[in-house]
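Next come two complexes, and both contain subunit A; in the first it sits with subunit B, in the second with subunit C.
Right, the complex of A and B next:
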């Protein structure tokens, strides 16, 4: 299933609905890179609340998406990482160091708004 | 020829086993007959040796009676299952009263002694028979002592495990002090298992309270080594993935020195001197500002 990408004022929100295969992840990457340009968005939120497993490929792809979005002139926030997933990721050494993360969608939007208010387009 | 020898050996073994069984039966009958007297002798010896001081005389006598009956039954049937269950049950009852391992083992060995003496007395005329009786009695008695001691120690270990579990659960509270601000005071030694539980509890707390900042206070952690430091780093990383900032407080000068000496990478850790400082820093991050209320004019006059 394709991940639905919603436009919300200056941001686009990719809300993952089910576990994704590697192909679907790559599809998400391409879709986001395209939609950020199409909507002239300033921020991207990727909601991973439903994922109860994140393997190294998923984490690597998310990181690649974030880097790519940055090159397209927008910021990425990953929201909704579950406690178990966070713990497993840290154990595997997958810590998404330079990527902004937030608790949930609401927090993610607040986070982007703050960055917008500061007039900053770079990662802190 | 060979078969002949083998069958002979088997037969000899068989008759020996038969003889042992017969002797055990005789022995059990003897112990049953003298139950009252032997039991009293045993209870007297227990008091004399100052064992089971945590229990009253009546209690000792009551327990002695049931231990005695169980003992004789095991000698008779040779099955230790019932005794194992009884030993567990007994341990459950007497451990909370502060009965020690040496006391339990002591009373069982005393009973063994009392019974052996009564056998010596009964069979003293016939040395060969006495030897045969002891051959039957000793292994069974040893097995009983063994079973009781093992049962007692196992029960104790079970209680210790249970208590460890309880302490572990009690010792990692995740507390909310302000909206979106959590405190995790850690007290005691951190091992891998506890670090894991701690992290899991913290992450769950972050989600439940929608926390943005967490203050981890390690004033109560006596020592920090490379493993503990890595656990801390992992906790910080995992919290960050959940969108929460972590402030570590209470790193003593000794701990700071140790960490620098062993070369743990703490660049990711936001450390503040004490808990108060940590909470102030957290409030700053959350945009709170705490001010003293203006004193009322009446109070100023007073």
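Right, the complex of A and C next:
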């Protein structure tokens, strides 16, 4: 299933709804890179609350997405990593490196708003 | 095909998931999670087991193209557990000790994720023969 991407003011929000195959994750990457340009978005939120597993491929792909989005001039926040998933990631030695994370959607939006206040990019 | 006699003897419920495409990775970990839940595992253990299955299935796709994941109910001294065997007939791993010692913090190492899987599970066995494939057998016991 394709991950729905919603535009909300100057941000786009991708809410993952179910476990994703590798192809669906790569589709999300391509969709987000495109939508950031289409909507002239300054920030992207990827909500991974429903993911009960984040293996090496998922983590690698999320990192790639965030780096691509940054190259497109926007910032990414990953929200909703579950405590069990965080534990498994640490055990596996998987990291999101310099990517911003937040507890949930609300915190993620607050995060982007703070970054937006600091940034100088002109929108609209 | 070599198999583990101890696991064979105690296995009751066996479920084979063929791994031929990346979509099968999701199927394997969901079936494994369901079996683990039925055996009484909870919360973070379910996630650890599903993550280990995901990495093992991914190795099959990446290095051998096709193979299978066998999920089974295990028991040792009356303690239940889950057994996962990842089997392929791919090229095998030329340097097993290197694959097992690949860096913990320096990223994916050889990309096999085997040290990570080893940390997630209680028991870990691997046999690999050049040109004849790899079998990884792991178990986790109910706490």
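Worth a mention:
Methods note: the second predicted complex is superposed on the first by the 119 of 124 C-alpha atoms of A that agree within 3 Å, B and C clash if a C-alpha of one lies under 4 Å from a C-alpha of the other, contacts with A are read in each partner's own complex, and residues count from 1 in each chain.
In the analysis below, a contact is a pair of C-beta atoms (placed from the backbone, for glycine too) under 8 Å apart; a residue touches a chain by one contact, two chains touch by 3 or more.
Predicted model, so just to flag it, every value in this text is computed and none were measured.
By the touch criterion stated above, A:19 is placed in contact with subunit C alone, subunit B being left untouched. When the two structures are aligned on the shared chain, A:53 is found in touch with subunit C, with no touch to subunit B.
In the superposed pair of complexes, A:83 makes contact with subunit B and with subunit C alike.
In the overlay built on the shared chain, the residue A:101 is in contact with subunit B alone; subunit C does not reach it. Judged by the touch definition given at the top, the superposed model places A:35 against neither subunit B nor subunit C. After overlaying the two complexes on the shared chain, residue contacts for A:92 are found with subunit C alone; subunit B is out of touch. Overlap of the subunit B and subunit C interfaces on subunit A: residues 82-85, 87, 91.
Of all residues in subunit C, only 22-23, 25-26, 29-30, 33, 43-44, 46-48, 50-51, 54-55, 58, 103-105, 107-108, 111, 113, 115-117, 119-120 touch subunit A in the complex they form. Across the complex, subunit A meets subunit C through its residues 19-23, 52-57, 60, 82-85, 87-88, 91-94. Here subunit A touches subunit B in the complex through residues 79, 81-87, 89-91, 95-96, 101-104, 107-108, 111, going by the rule given at the top. Those residues of subunit B that touch subunit A in the shared complex are 196, 199-200, 203-204, 206-207, 210-212, 234, 237-244.
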